[in-house]
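Labels for the chains are A, B, C and D, by order of writing; each one numbers its residues from 1.
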Amino acid sequence: MKGNKIMLSEYEVRQAICEIGKRLYAKGYVAAKHGNISYKYSENEYFCTPRGVSKVFLTPDKIVKVDANGKKIGNGKYDPTSEVTLHIRMYKENPAIRALVHAQPPFSTAYAIKGVAINDCVLPENYVYLGVVPKGAYNKATGEISAELVDCMKNKKGFLFEGTSVFSTGDTLENAFDNVDSLEFYSKMNFIGSHIPNGASACEAVSDNSGNEAFVKAVTEQIIRELGK
Amino acid sequence: MKGNKIMLSEYEVRQAICEIGKRLYAKGYVAAKHGNISYKYSENEYFCTPRGVSKVFLTPDKIVKVDANGKKIGNGKYDPTSEVTLHIRMYKENPAIRALVHAQPPFSTAYAIKGVAINDCVLPENYVYLGVVPKGAYNKATGEISAELVDCMKNKKGFLFEGTSVFSTGDTLENAFDNVDSLEFYSKMNFIGSHIPNGASACEAVSDNSGNEAFVKAVTEQIIRELGK
Amino acid sequence: MKGNKIMLSEYEVRQAICEIGKRLYAKGYVAAKHGNISYKYSENEYFCTPRGVSKVFLTPDKIVKVDANGKKIGNGKYDPTSEVTLHIRMYKENPAIRALVHAQPPFSTAYAIKGVAINDCVLPENYVYLGVVPKGAYNKATGEISAELVDCMKNKKGFLFEGTSVFSTGDTLENAFDNVDSLEFYSKMNFIGSHIPNGASACEAVSDNSGNEAFVKAVTEQIIRELGK
Amino acid sequence: MKGNKIMLSEYEVRQAICEIGKRLYAKGYVAAKHGNISYKYSENEYFCTPRGVSKVFLTPDKIVKVDANGKKIGNGKYDPTSEVTLHIRMYKENPAIRALVHAQPPFSTAYAIKGVAINDCVLPENYVYLGVVPKGAYNKATGEISAELVDCMKNKKGFLFEGTSVFSTGDTLENAFDNVDSLEFYSKMNFIGSHIPNGASACEAVSDNSGNEAFVKAVTEQIIRELGK
């Protein structure tokens, strides 16, 4: 089995990972050389981003192929991301997943750092689609994965990695990107929304001329001149 | 009648929708595959964005032509956005509208989520032009459109879709884009403005050297050296 | 006299105005079709942006040439911005000015809307260079220009247009752009700075493992593997 | 010795400085003509950015070569940044440094302005890597460098220049860029995190339909139609 909808060639997978890397960089979801992306090509063939390369500089030849133990296949110049085994663990916990994105979009990562799961139904569509955005912990020192995190791996399209970052999953690379994008939008709405006072817009402008007939006439004439309408 | 000012060819309409899609994506007004755009070509011919395609990947062949019932014309590969009937309803409520943008710009969408209409005259020009930015509700479960929303459809260049998103209208696609852009700017000004303390700038810097004559001289000399002025 | 440092051809001026327009758009300093730019070519020849064109779509042929009364020279298709007479007034108040940018960068415009002049020496270099950023009012209904605003026109590289927007001046178009860019940076620093608690960083993270020796070792090893250092 | 890992040609150094300049500009880390970048080519050969050129307009020919006293080598048209002597001082304090970036990324610069060192372990990986982000003062009037700043120069990959800006160091130009990028991300997380209420997400949305079965069904059907899943 090679790709659940359309069978991609190895080169197309490499290209698609680069494309996602560039979109993550362009949206400010990965700083410096942070973040990693992977794709499950078959039960024993995975592609992932290399160690030590900024996502903006990815090219197909830099993408690394590994086996189910995370061991590099072939003798290419680049080594797999040091988090490749965590990715493979996720593919094992949920066989429907074909692609993973691990990134640090600013708003969702801030929620991860604060350990605040997004439980509110801020944006109903996002809520129905992503559900509660939970958090799960991973002990980098012992390699231990919390039961919470295993549950995230099994069930969620996007979740918070307690204290550090965000994971998203997908049946394709593009859907994994879209899930991290939705999750970040959801977090951003939660953040901005929590700073809008309830029930009224709060900005008191210095020069409210809207009741000034001459002013309204002058502005209207200007709009008509400027925009022709 | 085909376009109210300049008669556009079908291909030009498809191209213009793609252009607006790319601008929405570039400005961060649509995440993932969210958002939709439409154009009324004649009473029984409409063009809209396809289901399941990110706005950054739009190409003219992906734009879908539908009739006044939202039924796809022809047998192209792409299907119309699932919200096409809502768009057509709006064109019926206000015959002057030729283009619609449905998006999620972050600040105005946050106001929509909080159900906070922007009543203040924050920016007089925007106020005169857009007026109060109202909100209207739509019951996705029953398909029922609130009286408030019908009123928005009839009268406003931009309005909040309670709980989810933002609509803007225009006599051309570019003007519909400009209206969502103005609305988002208006919302952003309202948000930032509501977090500026009244009457004084509040940041206390640690190192105010502005009264230090030697410092001012050193900085001035540096500016002269650096900028030649 | 045509350009105070290097004599630009008319075509070069048109090109430079387009370049500044695109940079203003790219930085989010002008939404929709807002904003205008001008250049004083000689005592009776000025170039300015046209009415009703987004700054991202400027091309040299769309730039309009006007005389000292703001009347279009020649019979080109495009008309001058409706604010051209205000620009010319500024050139008269301060003969050293050769270029003007009128824009709405989000943070400085929010200060303008609130009528809050930036008096603090937030960023000493900016303070020495730009000085206090004052505000001045203009009565669009009567055309009356406040004494405050005349003073801004005579003396400042950047200032707030009370209630609406921001002006910057320069001896070249690029310097006028840099001045609005500096002013916006100054305003942004003032805004962000006013939301940082004094004396300590306030974010309490959920998972402070920094005192955990095994964790620090694991992270350090990962960094060494990942970055090779 | 010319470059600690790979020996770069002079032209490659000039190109790499331009690349870093463009990335700083694209990320909004340098406004107007602010910021400077340098590279230590040998004990008596340094390359740095020129005075009075925006980082977005850098080209290899504009990069300036100086000696260990900051004196321009050759008679090129461009002069070195007025801060070149401060850069050279840093190279002397820490011989392992090969590249320096001096910039004004908005969040870390705001912390610098407030004189707030980032002591918290907001993001454990960043903390382990960058450690506490200290601040150090420099007296522009007298040229005096504080003991704090000397300590930063000797020991840190990134630090705050009290009251004004941010410095980062690296063994390569790309690593110096990555360090300022990490530092800004760290500061941004600290800022956003300090505005998220503890323990719960705080946004109360107006229209929580998540318990409404018909609504959930309608949304789910729409998602299935829209995304095919």
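A few points about this structure:
Methods note: a residue touches a chain if its C-beta (ideal position, glycine included) is under 8 Å from a C-beta of that chain, and two chains touch if they have at least 3 such contacts.
If you're wondering where the values come from, they're calculated on a predicted model, not measured in any experiment.
Under the touch definition stated at the top, subunit A and subunit B share these contacting partners: C, D. Fitting subunit A to subunit D on C-alpha positions gives a rotation angle of 90 degrees, to the nearest 5.
Taking the options A-C, A-D or B-D in turn, the interface that duplicates A-B in more than half of its contact pairs by residue number is A-D. Subunit B and subunit C, compared by their mean Cα positions, are separated by 23 Å.
A separation of 33 Å divides the Cα centre of subunit A from that of subunit C. In subunit C, the residues that reach two or more other chains under the touch definition are 33, 113-114, 122-125, 163-164, 189, 193, 195, 198, 203-205, 207, 209, 215, 219, 222, 227.
A complete topology is adopted by the chain contact network, contact being made between every pair of chains. Taken together, the subunit C residues at the contact with subunit B in this complex read 28, 31-34, 54, 104, 106-107, 109-111, 113-114, 116-125, 127-129, 163-164, 171, 175, 189-191, 193-195, 198. Within the complex formed with subunit A, the residues of subunit D that make contact are 27, 122-125, 174, 178-179, 181-182, 184-185, 188-189, 192-193, 195-205, 207-210, 215-216, 219-220, 222-223, 227, 229.
On the subunit D side of its complex with subunit B, the touching residues are 33, 51-52, 79, 81-82, 113-115, 137, 139-142, 162-164, 203-207, 209, 212, 214-215, 217-219, 222, 225-228.
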